[in-house]
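The same chain A turns up in both complexes below, where it pairs with chain B and then with chain C.
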Partner chain A sequence: MNAKLANRVATIIITSFAYLIILILAGLLGYILYNGLSVIDWDFVTSPPESLSAGGGIGPQLFNSFYLLILTMLITTPLGLGAGIYLSQYAPKNKLTNGIRTSIEVLSSLPSIVVGLFGLLIFVTYTGWGYSLISGALALAVFNLPLMVRITEEAIETVPKEQIEASLALGISKWKTITHVILPAAIPGILTGTILASGRVFGEAAALLFTAGMSSPALDFTSMDITSSSHPLNPFRPAETLAVHIWKVNTEGLIPDAREVADGASAILVLSVLVFNITARWFGSWIYRRITSHS
Partner chain B sequence: MNNNIIECSDVSIYYGPTQAIRNVDITFPKSSVTAFIGPSGCGKSTFLRSLNRMNDLIPNTRVTGEILLDKEDIYSDAIKVDQLRKKVGMVFQKPNPFYKSIYDNIAFAPKYYGKKKKELDEIVESSLRKAALWDEVKDRLHKSAYALSGGQQQRLCIARAIALKPDILLLDEPTASLDPLSTQKIENLVVELKQEYTIIIVTHNLHQAARISDSTAFFYMGNLIEHTETKKMFTKPSQKKTEDYITGRFG
Partner chain C sequence: MSKQKWENTLGRTLTLICAAILLITAISITYFIGSKGLATFFKNDVSIGEFLTGTQWNPDGEPGKFGAFPFIFGSFVVTFLAVAIAAPLSIGAAIYMTEIKPRFGKKVLKPVIELLVGIPSVVYGFIGLSVLVPFIRNTFDDTMGFSILAGGIVLSVMIIPTITSLAADALEAVPQDLRNASLALGATRWQTIWRVVLRTALPGILTAMVLGMSRAFGEALAVQMVIGNTTALPTSILDPTNTLTSGITANMGNTIAGTVANNALWSMSLLLLIMSFVFILLIRLIGKKKVM
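Let's look at the complex of A and B:
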C-alpha cells in the first residue's frame, strides 16, 4: 500500500470515529427528547409529584437540582481555586506536595456511591443534620473538589510565563499578579472546567441518595421563614434532585405513569444542562470582558 | 566626579552547579545607552536579569559579588525587590502586553502604587507620548492591547515600563521579533529616551549596537571580555576575541 493510499484510509477511519461519536450522542439526545418532550408542559415542570396517581410533576425536584448545584459550587469554587492557586504558584516541589497531588488523584477516582456513604456517615449522621441540602452539597463538594483543583491548576499553567514576568518586572507583588494578571487570563479555562464539573453535579444521583435524601417536602414559595422545612431555600431540609427522582420512579415508583414521568424528567435534565452550559459560557465571557477592559 | 548609576564588582551568577557569569566588573553611567553583545548562551541576558533580580524567579539561582544601584547593594536584605523593579524597568524579547486595554496596560502598575484616576490619565498620555505611540492609539485607549501590531505592542511595553518613572530601563533583545520598520522606530525611541533614563540593551544585532549605544560590552562564555566606547569597540577593539566576533569569524 503506498503512502498516499494509507493516508486516505487512515483519514477515513479516524474521521468516521469522530462521526460515530456524534452519531451516538445525537441518537441518545434524540431518543430522550423524542420520548420526553411530549410529556413536558408547564404543569409538569411546576407541580409536585404524586405518590400513587398519575399526572404528577417534577417542580420541587427541578428547583432542588438547581439550588443544590448553586450550594455545591459555592463550597467547591473557593476551595478548588485556593488549592489550585497554591499548587500551581506556591507549592514547593517536595514530598508533601506530591502527597497532596496523589491524594487529589485518589479522591477523584472514588466511586460516587462511596462518597455518598461517606457523606451519610459524616454529613448526615455525625453532624445530626439528617438528609439535607447541606449534606448533599458537602458530599458533592468532596466528589467535585479534585476536578475543580485540577481545572484551576491547569488553567493557570496555560497562562503564558511572559504575562507573569511582565507583571513582576513592574514591581507588582505576587498576590496582586495572581489576582489581576493570572486569574483573569485563566478565567476562560477555569470556567469551561467549572461548567464540566457542574454538569457532573447536575446529573449525579448515587452520591445524593443517602445525603440529600430521596424525598422532598412540599415547598411553599411564599414562605418567609427560612428555618421552616417548606421554605425552598432552607439548606437543612431534605431535597430530592431530578436525577435521584428519575432513579426513584424507575426503581420503586408506584405511580402508573412512571415511564412518562421518567422520560419527561430526563428530557428536562438534559435541557437544563444545555441551558446551564450556554448561560455559563456567556457569563464567563462577560466576566472576562469586565476584568480585562477599562475599570 | 562619579556619574555611575550602577556599579558591579566581581559578579558571578550560578544556576545550580553551572556558572553562567564569571567575575564581571562593569559600571553604567547615568543617561547612557549600553549594549550587551555576544553569541547565544554567553550570559548577557542572565547578567541583564540580575540587575532587576528577575533571576530570582528561577529556582537555585545564586548571585555573588556586589551590584550597587545608587550605592546600595541590590542583593542586600534591606532592599525590597518590588521597589527595586519599580526603579529598574524591563522590556522583554517578545512583546508581552497584559490581556487588558491599552489604557489599563499602562495604568495597572501606577494604580497599584496608589495613583489617583486623574493622575493616571496624565501618566497614560505622557508615557504613550514618550513611547511615540500616542498618536496611533489615542482614539482607542480602551481597546484591547492585542489589537495592536507587534511593533506597537513593544512600544506599549516600553510605555508601560516608563509609566513608573524608573531610573533604568533594561531591554532584553526588544527588537528580535520585529520587522525592520518597527525595529527602526524602537531604535529611534531608545536614543530619545536616554535623555531621561539609563538604558541597557541586549542585542544580537551588531549594527543595532553600533547605531544606538554609547558603550558596548562583549560577553563570551560567561566572561565580560571587553567593555568600551561603542565607536572604539567597532573600530579598534583591544581584544582579539572581540575582533573575531564583530568581524563575524564566529558567533
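Let's look at the complex of A and C:
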C-alpha cells in the first residue's frame, strides 16, 4: 500500500539524484580533460605566454605554481606542526586555548579573497615587497595553516596512548617523547594530509590576485643573479600562477586563443590536483601496510 | 636547570609561539580589515545606511554614490540559489551512498566525490563561462547569458561535493541499531530514512549546508566570471548582477589606495568577514542544537 509505494518512489528519486550528480561531475571532468588534452604538448607546457597574439604557452605560470607551493609549504609545515603539537599535547583548558581554537575556525572559514586583501595590506603594501612570490606564499600560508594544524592534530590523535605512556614511564622527557615517539608515529597521517592540502594550495587563485600579482616577468633559467627579477627563484619577483592565468586570459580577453590556453591550463590544473589526491591515498595505504605488517 | 627541563621548556615555548601566530593572525585580519572597512564611514563620512541600503553605486561620481545594496543582494541571491539547487541533490546522493548502496558508496562514490572537492574554483568558473553562459544565451531570449542563474548553477556544482561528503559523514555516524530497530518494527527503508536516520543526522546535515553556503558566499573568481558585473538591481533571474566578492575582484586593481572608492571596497570585504563570523556562529548554534 502507500508506505510501500512511497518507499519505491523515494528510492527512485534518491537514486536519480545520485546518478544526476555523478553525471554532472563526470561530464565536468570529461569535458575538461577532453578539451585540454588536445591542447597540451611540450611547447605549450614550456613556452612563455603571448600577450596579444595566439600560440603562447604557460611555462612560467606552471613553474610559478610549483615554486609558490614549495614556498608556502616551507612556511606552513613547521608552523602547523608546532601549533598542532601544542594543541594536542600541551594546551591547558583556558581562555588562550579557546582563543586559538576560535582563531583556527575563523581562519579556515575566511573567504580567500579576504585573505588576499589582508595580504595586499600587510605583505604587499606595508612591508614594501610589492606583488611578489613571498607575499603570495604568506597569504597562502594564512589560508592553509588552519588545515595543517587540523591535519597534525588528527594524526597525533591516532598514536596509541600506551605508546606515549610507555615512553613517559621510562623517564623520557615530554619533549623527547614528542619528537621521538609521537611524531614518527604520526608522520604518515601528516604527510598524507599535507599532500592533500598541497592540492588546495595549487589551485587557489583569489588569494593571489593582489599578492603574487597578475603578471610574470620573463624568466631566464640561466640567470645566476638571484636578486634579478628574471631569476626564477627570486622570491621578491611578481609571479602569476596557473590558476590566476586561467582567470586573467578569460576576463581580459586580449589573446585570440584564450579559450584554448584556458582549456589546456585547466586540464593541467585538474590533473595535478588528481595526482596530488591519488598520491596521498596511495601513500597513506602503502605506509599503513608497512607499519601494520611489521608490528 | 637540567638539560631535560630546559629542553621541555624550549619545546613548549616554541610550539606555543606557533599556536599563538594563529591567534595573532586572526586578530590582525579582523583589526586591519575592520579599520580599513570602517574608514569609509568615519573618515570619508559615507553613511552606513546609504552603504547597506542604497542602490546607486558610482564611487567616481560628483558626489560619489556608495549604495552597495546591489552587491549585497547579489551575494545573497546567488548563494541561496546555489544552496537551493545543491542541497536536495547532495543530500539525496549522500542518502544513496550511505543507505541504499553503502558498499558501492563507500568504495567508489565517496572517494570520487572527495576528490572533486579539490577541483580549483577557477576551473568551475571557466566551464561556466564556456558552456553554461552560451547555453543560457541560446536557450532564453533577451539575455547575454551572464546572469544570476549562471552564477547560482556554477556555485551549486562547486559546493555539491562539499555538502555531499559532509552529509554522508553525518549519515554514517547514525548508529546502526537505530536503523535495525526501525526496520524490525516493520518500517520501510524510506520510513526509516525519513523518520529515523535523517532526524538523527539533522545537525550534521545542517552544518554541511551552512558550510556549503559559506563557501558559495565567499567564492570570488568563479562567480565573477559568469555573473556579468553590472551594478543595477536585477529584476529577473536571467539578469546580470554583481556580488560583494566579484565587486572587490573587479575593482580593487583599478582604484587607488586611500581614496573613498578604494575604502568602499574594504567595507565590502568587512561585510564578507562579518558574514563568515555569522556562519561560524550558526554552525556553533547547530552544534548546541539551538536552531531546529
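Here is the rule we use: the second predicted complex is superposed on the first by the 247 of 295 C-alpha atoms of A that agree within 3 Å, B and C clash if a C-alpha of one lies under 4 Å from a C-alpha of the other, contacts with A are read in each partner's own complex, and residues count from 1 in each chain.
The definition used in the following text is that contacts are C-beta pairs under 8 Å (C-beta built on N, C-alpha and C of every residue); 3 or more make two chains touch, one makes a residue touch a chain.
Quick caveat, the model's predicted, so the values are computed rather than measured.
Asker: If you stack the two complexes on chain A, which partner ends up touching A:Lys176: first (chain B), second (chain C), both, or neither?
Answerer: Once the two structures are laid over each other on A, A:Lys176 reaches both partners.
Asker: When the two structures are overlaid on chain A, which partner does A:Ala3 contact: first (chain B), second (chain C), both, or neither?
Answerer: In the superposition, A:Ala3 touches chain C alone.
Asker: Please work out whether A:Ile58 is in contact with chain B alone, chain C alone, both, or neither, and reply first, second, both or neither.
Answerer: Neither partner.
Asker: Pick one for A:Gln163: touches chain B only (first), chain C only (second), both, or neither.
Answerer: After superposition on chain A, A:Gln163 lies in contact with chain B alone.
Asker: Pick one for A:Pro184: touches chain B only (first), chain C only (second), both, or neither.
Answerer: The answer is first: A:Pro184 touches chain B but not chain C.
Asker: Tell me which partner A:Thr11 touches in the superposition: chain B (first), chain C (second), both or neither.
Answerer: So A:Thr11 only meets chain C here.
Asker: Taking the superposition as given, does A:Ile75 touch the first partner, chain B, the second, chain C, both, or neither?
Answerer: Touch partners of A:Ile75: none, neither chain B nor chain C.
Asker: Spot which of chain B and chain C makes contact with more residues of chain A, would you?
Answerer: C
Asker: Contact-wise, after the overlay, does A:Ala155 reach chain B, chain C, both or neither (first, second, both, neither)?
Answerer: Neither partner.
Asker: Would you please give the residues of chain A that touch chain B in one complex and also touch chain C in the other complex?
Answerer: Of chain A, residues 173, 176 contact chain B in one complex and chain C in the other.
Asker: For a test of understanding, state which residues of chain A touch chain C in their complex under the given definition.
Answerer: Per the stated touch rule, the residues are 3-4, 6-7, 10-11, 13-15, 17-18, 20-22, 24-25, 28-29, 31-32, 78-83, 85-87, 89-91, 96, 99-100, 102-107, 109-115, 117-118, 120-122, 125, 142, 145-146, 149, 173-176, 178-179, 196, 199-200, 202-206, 209-210, 214, 243-244, 246-247, 250-251, 259, 262, 266, 269-270, 273-274, 276-277, 281.
Asker: In their shared complex, at which residues does chain A touch chain B?
Answerer: For this pair, the touching residues of chain A are 160, 162-163, 165-173, 176, 180-181, 184-185, 292-295.
Asker: Show which residues of chain C lie in contact with chain A when the two form their complex.
Answerer: Its residues touching chain A are 4-5, 7-8, 10-12, 14-23, 25-30, 32-33, 36, 88-90, 92-93, 95-97, 100, 109, 111-116, 118-123, 125-127, 129-131, 157, 160-161, 164, 187-191, 193-194, 214, 217-221, 224-225, 245, 248-249, 252-253, 257, 266, 269, 272-273, 276-277, 279-280.
Asker: In the complex formed with chain A, which residues of chain B make contact?
Answerer: That would be residues 52, 54, 57, 81-86, 89-90, 92, 94, 96-101, 103-104, 108-109, 112-113, 141-142, 144, 157, 160-161, 164 of chain B.
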